[in-house]
Structure formats: C-alpha cells, structure tokens
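Pasting in a structure now, in structure tokens, and then I'll have a few things to ask.
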Amino acid sequence: MKLRTLSLATVATTIASGAMAQEAAVAVPTDSVFILNSLLFLIGGFLVFWMAAGFSMLEAGLVRSKNVTMQLTKNMGLFGFACIAYYLIGYNLMYPLGTWAVDGVLSGVWGVAVMEAVGVAAADADDYSYAATGSDFFFQLMFCAATASIVSGALAERIKLWPFLIFTIVLTGVIYPLQASWKWGGGFLDAMGFLDFAGSTVVHSVGGWAALAGALILGPRIGKYTKDGRTVPFMASNLPLATLGTFILWMGWFGFNGGSQLAMGSVGDVADISRIFANTNAAAAAGAIAALILTQVLYKKPDLTMILNGALAGLVAITAEPLTPTLGAATLIGAIGGVIVVFGVPFLDKLKIDDVVGAIPVHLMAGIWGTIAVVFTNGDASLGTQLYSILVVGVFTFVVSGALWFILKMTMGIRVSEEDEITGLDKSELGMPAYDIVN
Amino acid sequence: MKLRTLSLATVATTIASGAMAQEAAVAVPTDSVFILNSLLFLIGGFLVFWMAAGFSMLEAGLVRSKNVTMQLTKNMGLFGFACIAYYLIGYNLMYPLGTWAVDGVLSGVWGVAVMEAVGVAAADADDYSYAATGSDFFFQLMFCAATASIVSGALAERIKLWPFLIFTIVLTGVIYPLQASWKWGGGFLDAMGFLDFAGSTVVHSVGGWAALAGALILGPRIGKYTKDGRTVPFMASNLPLATLGTFILWMGWFGFNGGSQLAMGSVGDVADISRIFANTNAAAAAGAIAALILTQVLYKKPDLTMILNGALAGLVAITAEPLTPTLGAATLIGAIGGVIVVFGVPFLDKLKIDDVVGAIPVHLMAGIWGTIAVVFTNGDASLGTQLYSILVVGVFTFVVSGALWFILKMTMGIRVSEEDEITGLDKSELGMPAYDIVN
Amino acid sequence: MKLRTLSLATVATTIASGAMAQEAAVAVPTDSVFILNSLLFLIGGFLVFWMAAGFSMLEAGLVRSKNVTMQLTKNMGLFGFACIAYYLIGYNLMYPLGTWAVDGVLSGVWGVAVMEAVGVAAADADDYSYAATGSDFFFQLMFCAATASIVSGALAERIKLWPFLIFTIVLTGVIYPLQASWKWGGGFLDAMGFLDFAGSTVVHSVGGWAALAGALILGPRIGKYTKDGRTVPFMASNLPLATLGTFILWMGWFGFNGGSQLAMGSVGDVADISRIFANTNAAAAAGAIAALILTQVLYKKPDLTMILNGALAGLVAITAEPLTPTLGAATLIGAIGGVIVVFGVPFLDKLKIDDVVGAIPVHLMAGIWGTIAVVFTNGDASLGTQLYSILVVGVFTFVVSGALWFILKMTMGIRVSEEDEITGLDKSELGMPAYDIVN
C-alpha cells in the first residue's frame, strides 16, 4: 500500500468502509455522480479562471515597462468581453441543440446560455446522471477566455485597445465556438476520430493561429529588427511577475486538463484524473528543464524566459492527450515542447514575426506537436486524422482571423502611431504609468 | 447533451451509472451529504482566505510606494488579529447557542469556538446530516476577516498602525459578529425576511460603513484636496500588483458566493452552486466592462483602476443574490455596480472624503445596490425589508464604528504626524522601504 | 445549529436527506470512499504545488534586486528536477514494495513510479477502498519538492546554479525519500511510534538541515558580517512579492496539512480535516501576531519580514500535529513558532551563519519545536521518541548533505567568484536583470 502510514482513526475508518462493501452498498449513487461531476467542473473551472490572472501577469512581466498598464487593461477587457460574448452567442454555437449541423448552428447563433432552474430536483435536472448545466457553462467559458488570452501577448506593445477587443468578441463569440463544435460539439472532426483531450489544437493552436495572423498584419514593433537583419532584444520589465504568471498557469492547467475528464463519479474516472494531474505536472517540469539545459548548452547561460515558456510549452504539448501516456512518456512529450520553444522563438525572429511573449511557439507550435504526439500513446488515434484536423482548424482560424484583422486595419486601424509606440502606450493611450516606485 | 464529446471510457461509465440507477441506489447517503457539505466549506473557506491576499495586493498596488510596507503590515496584522478575535469572541457571538437573544449574546461573548472531537463517529457529530463544525468555523472566520480587510484600504497612508489594529479587533470580535447574527445567526432581520445571500450588506457594506466613519474622523491625506477645490491624483505604485489583487479577489469570490449555498449534498444544491459560480463571474465581467466603456466615453481614456474596481463592484453587487438571477440579469446587476464605481469615486472626492483605494464606492455603494437588486430577481424579497435592513445595519455599524474611532482618536491618536505622513510611513514608522529595485 | 440561516430550498433538501437516512442508505459506498480520498489528494496536491510559487515569490522578494532572476531560475529548476528525480527514484524508494527493508530499498532505487491503468475498473484498482495511485504520487511529489524549495532560500545570492541543482536531484531523489520512508513508508521511526502528521521533521527540518549544512560550507555573503562583529542588513528587493509568497504558502498549507489526513470518505475524516484547516490557520495567524508584537516591543518598530516569517514558523510548528490541538492550543503552538523566528534570526547572525531568507529559523527551529509540541496535545506521543527521531533524521540529513556539499565544493565549486557576487548573479551569471522598470 503506497501511502503514508495511516493514523489509527483512519485505518479504522478504512477497514470499516471495506467491511461494509457488500454488493448493494458499493456503487456510487446516481445523485452522487451528478454532484461529483459538477464539482469537477466547478473546481476545474475556477482553476482555469485563474489562468486569466496567469496570462495577465506573464504578459505584464514580459512587456517593457512603458506598456504594462495597457497590457493589463487588455487582459481585463478581453476576459470581460469573452464572458459576455460566450454567454450571448458562443456557448450555444459550440453545443447546438441536438446534433451539429448548419441549421443547428444558425439556430444556435441567436440563443443565449440558459442554466438549470433554482433548486432543481433530481428528476428535473437537464442532464440527470451527468452534471449541472451551469457548471458545464462555467467550465467551458473559461476555455474560451483562455483562447483569447493567448492572442493578447503576441500582439502587445503596438496594437490599439479597441480593435483588439473587437477581435476578441468575434473570436470568443464565433470563431472559437464554431471550430470547437467540430470536435467538442460532436461535429465532423469528432466523427472522424480526431482526438484532442483538453485542447492542444482546439484551444491553444487556435489562439496561436489568431495571434499569428494578427502579428503578420500588424507588423513588428519599431526597432525590433534592424535593417542588417539583427534582432534587438527588448528587456522584460518584471521577471518575478512573469514567473508568477507561469506558476499560475501551471496550477490552472490541473483544472484545464483534469477537468476535461468531464466526470469524477466513478473509480475509473478519478483514477484517470489522477493520471492526468501527474502527467500534466511531469510535462511542465520536463519542458522547463529541457529549456534550462538547452539554453545552457546553446548560449552558455540559462535563459529564464525560455524556461518559463518551456514549462508552458510542456503543458500545451500534453494537453491533447494527458491521460494515456505513462509518466515517462509525459516527461518526454513535455521536454520536446520545451525544445520547440527554444528553437521556435529565434525562428520566428528570423522571419521577422514579432511575438512579444513567445505565444506562437508555446501555443501554436507546441500545440501542433502535442496533437501529433497523441498517436504515440493512444491506440485510437490516427496520424492522418490528427494532421487533417490540425490543418482544417488551422486554415479556418488563420483565414477568418486574418480577414478580420484586415477589415479592422482598413476600417479603424489596428496600430498606434509611431510616436505613441515610442512613447509607450501607458502614457500615450492611457495616461497612467504602471509603476511609480521610489526606492 | 451540452458536453464535450465524451471519451469512450467515460461514456461507458456514465451509461453504467445510469443503468444502476434503481430506486435503492439513487439517493446520496447521509454520511456523504455531511462530507460534501463540509467539503464545500473547506474549499469555499480556502478561496475566501485567498481574498486576504487579494486585498493586500490590491491595496499595496494602489497606495504610493512610500506607504507600501505599512499597508502590507496592516493587512497581515488585521488578518492575524481577526482570526484570534473571531475565535475568542466573534463566532460564538454570531451564532449564540440556541436562538438569538440578549442573554444568548451575553453568554456568547465569553465563549470560544469549539470544534468537533478528533475522529468523531457519525452518531456523535455535532450536527450530523449537516456539516463539520470546524469547517463551518473556518468558512465563517474568513468572512469576518474580509470585512476588516475592506477598512484598511480606505484609511491607508495616514492612519497609525496600532489604533487601526485595535479597531480591527473590536470590528471582528464584536461589531461584525453582532450585526451578522441579526441575519445569519437567525436574528430579527432574518425573521423579518431580509435576504442577503452572501453578504452585500452583512459583509461588504459593514466594511464600507466602518471605513466611511474612519475616513471622516481621520480626514484626507495631506495634499489630496487643494484649497480651490481640486482633487490631486496620487499615483498608484504598482498596477500589476493591483490587477493581481483583483484577480485573486475574483477567484476567491467563487468561494464567497458559492460556499454560501451552505450545502452540496444534493442535485439541487450543486446545480445552485453552479448557477452561483456562473452568475458571480458574469457580474464581475460586466462590472469591469461597464467601467471600461464608461471611462472611455467620459474621459476618452479607459482607466485601469476604475476597471479593477468595476469588477469588484460587480462582485459585491451580485453577492446579495447570486442564485436567482439569470445570466443576463447577473450581467446587468454587475454592470450597474461598475457604473456606480465610476461615479462614486469622484463623488466622494467632491465631498473631500479620501478613500485611497475606492473601498467605499466598491463595498458600500455597490453593496447597497446589490441588496436592493435582490427584489428584481427573488420573489421572496420585500423592498421595504431590504431598505430597512440596510438602514439598521448601516446606522449601527456607522455609529458604533464612529464612536470607536473617536475614542481612539481622543486617547491614543489615530493619525501619524504631518512630517511622518509626508516622509511616508515605510520610512518614518517602520524604517523599511517596500522596494529596493535597481534596474 | 451553527449555520447561517439556510435558504428554504436548502432546508428542504436537508430535511429530505435526513428523512431518507434509513439504515441502508447511511453508509458511504466504497466507490465513493475511493473517489473522495483521491479527490483529497488532488486538491491537497495542487495546493501544495502552489507552495512552489510561494517559495519562489518569497525568496525573489527577499533577495537583493541584483540576484532575483537567478533566484527565480533556481526555483523553476529545482522544482523541475525534483519532479523527475522523485518519479525516477524517490517515490519507489520512499514506499518500497511491501515492507521497508534494505533489500526493499535496493529494489526500489531502480524502480520508477507507475500509475493505475487508464479507465481502471473498481475491481482492478491498485488499492481499491483507498485511493488512486496517481493521486497519491501527485500529492507526495509536491512534499518532496517543497523540501528542496526550503534549501534555495537560505543559500541565495552566492551559490552557483548547477551545483545547487545537482544537490537538489540527490535531495529529492534519495535523501528526502529515504528518511521519509522511516516514518511515512512504515520504517523504523514509524514502528517506534514517532508522530509527525504532515512533516515538521520529515519535510521542514530536513530542508532546514540541508540548508544549514550548505550555509556552513558555502559561507556568508560578502559584506554581511563586518570584522568588528556587526551584521549588515541587506535590503529586500520587493516586500509585496515576499508578502504574496507568504500568503501563497499559507494557502498551500491547507493542502499540506489537510491532505495529510489521507482520507475524506467518512464523517470522522472530514471532521478531522476541518479541525486541521482551522488549526493550521490559527497557528499561522498567531505566529504572525507574535512576531508583530515582539518586534514592536523589542525594536519599537514592527518588522514585516519577521511577521511574514512568523506566520510561516507558525505553520511549520503546527505541521507535526495539526489535528489534536484545540484552537487555543494551536494558537499557542503557532505563537511560539513566531517567537522562535524573532530570536532565531539574530542568533544565526551571531554565529555568522548567513541564511538569506530566514529558512533555518522557520523550517528547522520551528520544525523541531512543532515536533516536540506533539507531546502536549497527542497522548500517543512520547517525548523520548520525538527527540530521538528529530536527532536521527537531523544527523542523517546534516551529515549526508554536508558530505554532498563538500564533494560538490571540491569538484566543481559551489560559490561564484567574488567579482560576480558583487556584480550580482543576474548580470554576471545570467545576463538578464529581473526588473527594467522606468517610473
């Protein structure tokens, strides 16, 4: 028995419980299954909510100090608008009534999320033997908001506030839910056998594609790339804050992946969630260590920002399949995520694609890797289907996002003036510095 | 079925669970109800504990850098003393043995909180079929401490440490528990039909009234209001910290409101908690967005500190009734909270009431709004009773707090010297700067 | 009934639940016990994970600003390596198959942690009627990582990165698990009746002994102690960050101590966990208040860093026995922890042992106190056995750690050059400052 030595009282309880395990008393009652499933969504949901704080702190820590207030404002704004857009449109679009279909989508577009009645009796629960509708909505909403958070980091320090927020509304109200319905709403990708447990593709690469489209249309920050082809390093303003953001995201990811088991009312389910927690942690740790070792070897100096992004890339990589890998396989999958980041960041710079916080290597590149890696540990996965799904979701998101960014650019403009960018958005756009610290 | 497509294993489990749902196995066993209720208090409790960190970071971020160490010291001190005072006096005062009555109060004053025996058997549990006494104490304590946290922000940057801490002891040992017993201890306001689910009035406006009394007696900070009637903006020292504090409070609020369902052992209860989580989040998001849009319209620049306080005001507003509103109603209630803050902050300044972090608009004004708003969604609420209760609690708290502040002012003094205030409390009172950052 | 007045719906539910409490329905089904126990490990585990962030923020806030990036890098690195070392070696070494024995250890050394199969049926669960193996691994891993975090703070600002990380690997892969097996793996200290509920000795003092050995061999920072015997105070770089770290640790400790009940499937267990939560909180609060009052009395100025460490010492002190004390006893035990810190920090300085963050007073001294204090509230404890166990664990950890530090010193060197130390490790070793804040 792999446990700490139990206190006497506990042992007595365990024995007593075991003794009463007659046939009749063994099963978990149906009401309890409903409660435990809902509880999983609630705990998972507040942990994924917490990731909104993680993204905010990570991004506020990595941008230059003249753009910190703006980055925080964007993060608060995007989360707020995501909540409203997903409630009014997205949730119903993602899970259209009945089966996924064009007419289902159309009917869904105009519906709003509706929760169970107050004090509902078991017999009247919308989905008795499963979980409370409100808990499912709460949980799913947080995934939608996370997708939007990914975008804000990549486009930091030069995008205007309102075009960014308008993009967020469309992303969270329409783009994310529509493609998510293809897999999680029981749509055609799901029918084909596409496997994406908690969203390496459905969440992370979608955020990454939207960010990539935006970064290409927006262009790099002034001074980031010199005419003779060098990349100028910009100093992060606050590394403890970025590290805190990473720890917050890591913590939230237990809810992200663990909650995606979607059920906790049986021995098998809770054992699966336990595997997922352990694997998620192993992948993150391995991603961090891989980046630590690799930057030591390549640059002779460990690079903390790479280590942080390495941990995040490990988390993204394990997200498509956190259940079937052994601890060893999870460690390897995460480590490769870390390696991808260390090479992905300079690769993007070589292409002069300016991604301020490394969101594209972390969420898009490691997301693709994680989606492919499913085939190594899950016998039900088909490499062809995984690649096809990555492609379909990618093309859809990149094209629609690109078109939207282009329309925003043509109509209201998406980039601040050169002067404002050099001054910094906090002073020029908001008139409020992030720090006023006198030592 | 509004769920992600389930993994095969999960589907099998769900079907199996459904299949075994014969009459006998459906009900949640009584022991399980006790466990689940207690678990709700424990999870809710650590989330509300976490709000103490949120208040600390919010306040430390919003005060000027010369007063940050003192603000942190006050927050650690108030939480510590609140724990001791509520244990020794408050808990028993709030829930006097038997029914609420004067003699009950008197007997309660001298009692201390007592928890269940170690390894208690079901038959001997203090409140079998309900929840563990220790879990209830833990949960209630955190609400009491939150009330004290509200006060510290409003009075920052000029109040002396020890008078503030003495006030805290009386507030958490006597003032808060006494008025809380009127509603939550089954007292006369409860008997009248006053509805305040998680404490828009009982917690938030009480903190706000105590802060208002203090702010009036303490007076504004030097230089805040000029002789010609202008308000001088003082710079917040650290906006990422204030934003982090807001996210922490938002997260903790899921425990604050969700835990106030007080039960998780039935399908109806967990469905209610799920509604509460979703509504709480919607109100916060709407408060933030309302403040974002309104400051954009009024000042042409979004104001991050207003957005943060807008989110908090949305949370306070939904706290009196987070269960009965639809998602749409919760969104509206929260949005109005955000509007209240945007107008409330300059309104207080016009009255030359110096509330450093905006605690009075957030907790008192939005608390009153939330308590009134109960009548729009809960058919059991009476506007007259709500207004009467707001008045009774307000008059009691304001008068007793004011008297206490006055006594403290007359005896030991509550305000630091002019010279110390200008120098900053960190150097003058503590000899320890908050930051020593060399770029 | 010590509860808030229940809503009508809740009352109805409670009554209904009560009414159905016939003999047959009372018991918690065995599957539910398994689920609830596993859930306790998962919640406890993510809370203890969160402590890694707490240690990082505490340490990053207390070191000088020129060494912050390095401190963050060490914390990310140590956590990552701890995860890998505990998975590959430690877990199996700590809980050798069957009983604890030399051959068990040897066989265990080369084993790796293995989790339950995916979608395991109840009948096939490794430890049916107890908990999922993965949840236990996840929970135990976080304790191991916490031990390593303790070391990093004490040795900050002058130790080289890689020797520190190598030490971490041995500590988490071998030293910690080996001694932990003596108590928690059912080894000889457990057989003797040694009581250490959640690890005042097994975790905290072990971290403290390893840190002490390192601090002695490493020597103090340049300029810390003058030739005429004075201790030069070095400024903490960021006190809000250190305070945040303390709150994070405090929050995580609910999982640390509460999860160590190891079971949540009965009325008695959840009532015990509730006691533990309340006691843990009381001890932390009392430790903070004791340090606040004592520094006020001794130095006429409250010292925030002492208050923070006082709270942590209160937490460490209650960890050996958080269950049996009354709230009053827990408050006293914690308060004495706070007193120990206030005297322990200058005592170490007098010995010219340079412990940057106060880890040795907090984790070692208060850990010894807490282990002894078990005898005051737990009738099963023997003072002799407690002292003997403290000694055995202490000698083992100190000698093995010391030898390892010495070998590392002789082979690769453990201390940065004098020039690099004066410059600061962020610039000299990593080339990356932690802050680039322009007001």
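Note that the chains are named A, B and C in the order they appear, and that numbering of residues resets to 1 at the start of each chain.
Simple rule for what comes next: a contact is a pair of C-beta atoms (placed from the backbone, for glycine too) under 8 Å apart; a residue touches a chain by one contact, two chains touch by 3 or more.
Predicted model only: the values in this text are computed from it and were never measured.
Novice: Tell me whether chain A and chain B, two copies of the same sequence, contact each other through the same residue numbers or different ones, using over half shared as the line for same.
Specialist: Counting which numbers both chains contribute, under half are shared, so the two copies meet through different residues.
Novice: Superimpose the Cα trace of chain A on the Cα trace of chain C, which carries the same sequence, then give the rotation angle to the nearest 5°.
Specialist: An angle of 120 degrees brings one copy onto the other.
Novice: Taking each chain's centre as the mean of its CA atoms, how far is chain A from chain B in angstrom?
Specialist: Roughly 30 Å, centre to centre.
Novice: When you check chain C against every other chain, which residues touch at least two of them?
Specialist: 9, 13, 24, 27-29, 32, 43, 118-119, 238, 244, 265-266, 268-269, 272, 323, 433, 435-438
Novice: Which stretch or stretches of chain B touch chain A in the complex?
Specialist: 1-10, 13-14, 16-18, 20-21, 24-29, 32, 36, 43, 47, 64-66, 118-119, 235-240, 243-244, 246-248, 250-251, 254, 258, 264-275, 277-278, 281-282, 285-286, 288-289, 292, 301-305, 307-308, 311, 323-324, 326-328, 331, 433, 435-438
Novice: In their complex, what parts of chain B are in touch with chain C?
Specialist: Its residues touching chain C are 9, 12-13, 24, 27-35, 38-39, 41-43, 45-46, 49-50, 52-53, 56-57, 60-61, 68-69, 72-73, 75-77, 79-84, 87, 91, 95, 112-122, 125-138, 140-141, 161, 183-186, 190, 197, 238, 241, 244, 260-263, 265-266, 268-269, 272, 323, 380, 429-439.
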